[in-house]
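Report on one structure; see the data block that follows.
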């Protein structure tokens, strides 16, 4: 017996509706669970005091500092490198074997899983360059890890700037760099910022590459050569060693809230920039 | 004044060239160092013994990673099994069925889903999924099944967003032509839209596979880390990634080299997958 | 010297496609010279040679000479940035920069290194006046240039070019999207400007060419068919093709 196509159509529509809501439902459940189990244990004290007794008591302040150091320094290094590469690929070169090679390099870097970054960072920065488990080792590793994302998103943003604007700038006697600096980049900033926010999110969540380069010291880092722990690493250790379920949920909540904040800031900045430049 | 401008121009171009080359430099460094640490063991113990060896006992001289290679592939397939149908359905829903309001709501939700750290997924998997499987299906709970479920959810955003791009780039005229011939919406999607978007959808699956096979933290928490090839989906397993992550902190000498050798194998697999996705299939999509 | 720009046997090819075939033309100073012809005749290419914007195209081969102020800009050691301060261009579609009216016009002078705010303001005012836009904009210099009408934007582009104080102004079909009133304003501005500048106007609109130019050059598929004083070309064209084009038989 053949089912009427229109009936099939209706059934399919219901199924797909369900799928979509189910997917969103997963997100809702995840956030809800973390919120409800973690919120009771989060307070100002939690945020501003450091872990005690391997994390069974106290807060996560030192890990917050560790995370901030890692993320801010990595972004600081990766952004000029990444945006500069994107500018070079789009404004300074024509499509050639050379640009294809560089793009291949970027795409390959993008595909490398974080554990391999951890392996590389471990053998290169921690061991061979004798930096030991330190904020510096972590920063350098994460910088390389987020570089492809910044290059890709920056390139897209730069390419999206209309060709006309460049023509006008050149015809008014601007040099190539002046055109990039004064016309192309300002218009591309929303897209570039998106890439940066994306990378911030990745750096905050990253664990495998961080734990083998930055280590897992619970002490507040006082120099770049100190080992330190990020929130994600702390959360992992708490969960895996079964140290404290409450603290684990609380840490997870702070992590998820951070990601949420980053996404929100990204949207806000994007919209603000777009309205400013159009 | 103009002379200064032109030295500045040259300097800028020089610096930007260096910046661009840095990506190649980093790739080169990563390859060199992982290979440098990982290849010697292949010479010492033998390629066959490592890749096809069944026993991993590095302190006793056994470096067989075959069970882990198999496990890595199995969890990847499992993740695809869980994530691909759901992901493709969502992508279709987003592009063909949802209104603007829905889209505004769903897109940020997906981005948030993508942003949740893998350790959080692993954690929730341990607390909720693992006991669920243990109580309803048997076994330890730490299993191929639990890993597939968690990884499947984790690769959803990747599959959804790339499939969505592929589906929306199918020209409107294709759909309109199909409707004009009396097809229903689903028939149009099934017979016209999806086949046209085939390459892009396939690319999303392969990229999802790439993510799944490279995932470490979540896998460590829910897979159980047994050193045997899993014979059923309820058996625990250890992947190439978890192998490295579990033992790197305290491994020395040959043991450590063994972990780098694991890394080499993983690197090769990833590069092959990447090549297929980027150059084999994406090229078709861009056209 | 009465001749501002001398073009000698200029040929331009994109790949295998020859777009300009051995052109000779002398552009007189303080005159409006019109380049007319149907699409694909090479007029815009000639413009892009004069302002050297052609260097952004791929696979171009150029033969011949173009002499401006005694220097051959094709073969000579000439700097494009400096050249473009002498030769300004207004394009067919108005392209305002996404910034205020004031900043649009100040863009060129700032590139030249002018820092003094009063000096810049004076240049902006002068340029807007010459482009017949000052009265409309004098109280609204800070608004985004994107909010202007098409005709205003095009006059803005003209003012922007004037702010660099060039000797030559090139206009490539500047009124193509504009209504008759805006077109008239620009044509009036050009008629005034020719007293100080040398102007080349590219247009497919023969009536416009007849209205405001002093000399006319008719291009067809890369060849210069006819060139001479506008009055003469339009009343006694010496080539049949010219006559057909002017009378609208093709184009």
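By letter and in written order, the chains are A, B and C; residue numbering begins at 1 in each of them.
Note that in this section a contact is a pair of C-beta atoms (placed from the backbone, for glycine too) under 8 Å apart; a residue touches a chain by one contact, two chains touch by 3 or more.
Since the model is a prediction, treat every value here as computed from it, not as a measurement.
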Please find which chain has its CA centre nearest to the centre of all protein CA atoms in view. A
Greatest centre-to-centre gap (Cα means) from subunit B is with chain C
Report, in whole Å, the distance between the mean C-alpha point of subunit A and the mean C-alpha point of subunit C. 49
Separation of mean Cα positions, subunit B and subunit A [Å, integer]: 17
Could you grab the centroid distance between subunit B and subunit C? Build each centroid from C-alpha atoms only and quote it in angstrom. 55
By residue number and range, which residues of subunit A touch two or more other chains? 175
Among all residues of subunit C, which ones touch two or more of the remaining chains? 81-82
Contacts with two or more other chains occur in subunit B at residues 5
Touching residues on subunit B, where the partner in the complex is subunit A: 5-6, 8-9, 12-13, 15-17, 19-24, 26-27, 29-30, 33-34, 37, 86, 89-90, 92-94, 97-98, 102, 105-106, 108-113, 115-124, 126, 128, 153, 156, 160, 183-187, 210, 213-217, 220-221, 241, 244-245, 248-249, 259-260, 263, 266-267, 270-271, 273-274, 278
Please output the residues of subunit A touching subunit B within their complex, sorted ascending. 5-6, 8-9, 12-13, 15-17, 19-20, 22-24, 26-27, 30-31, 33-34, 80-81, 84-85, 87-89, 92, 101-102, 105-109, 111-120, 122-124, 128, 144, 147-148, 151, 175-177, 201, 204-208, 212, 232, 235-236, 239-240, 248, 252, 255-256, 259-260, 262-263, 267
Name, in rising order, each residue of subunit C that touches subunit A in their complex. 51, 53, 56, 58, 81-82, 84-85, 88-89, 91, 93, 95, 97-98, 107-108, 111-112, 146, 157, 160-161, 164
What does subunit A use to touch subunit C in their complex? 94, 164-165, 167-175, 178, 182-183, 186-187, 277-278
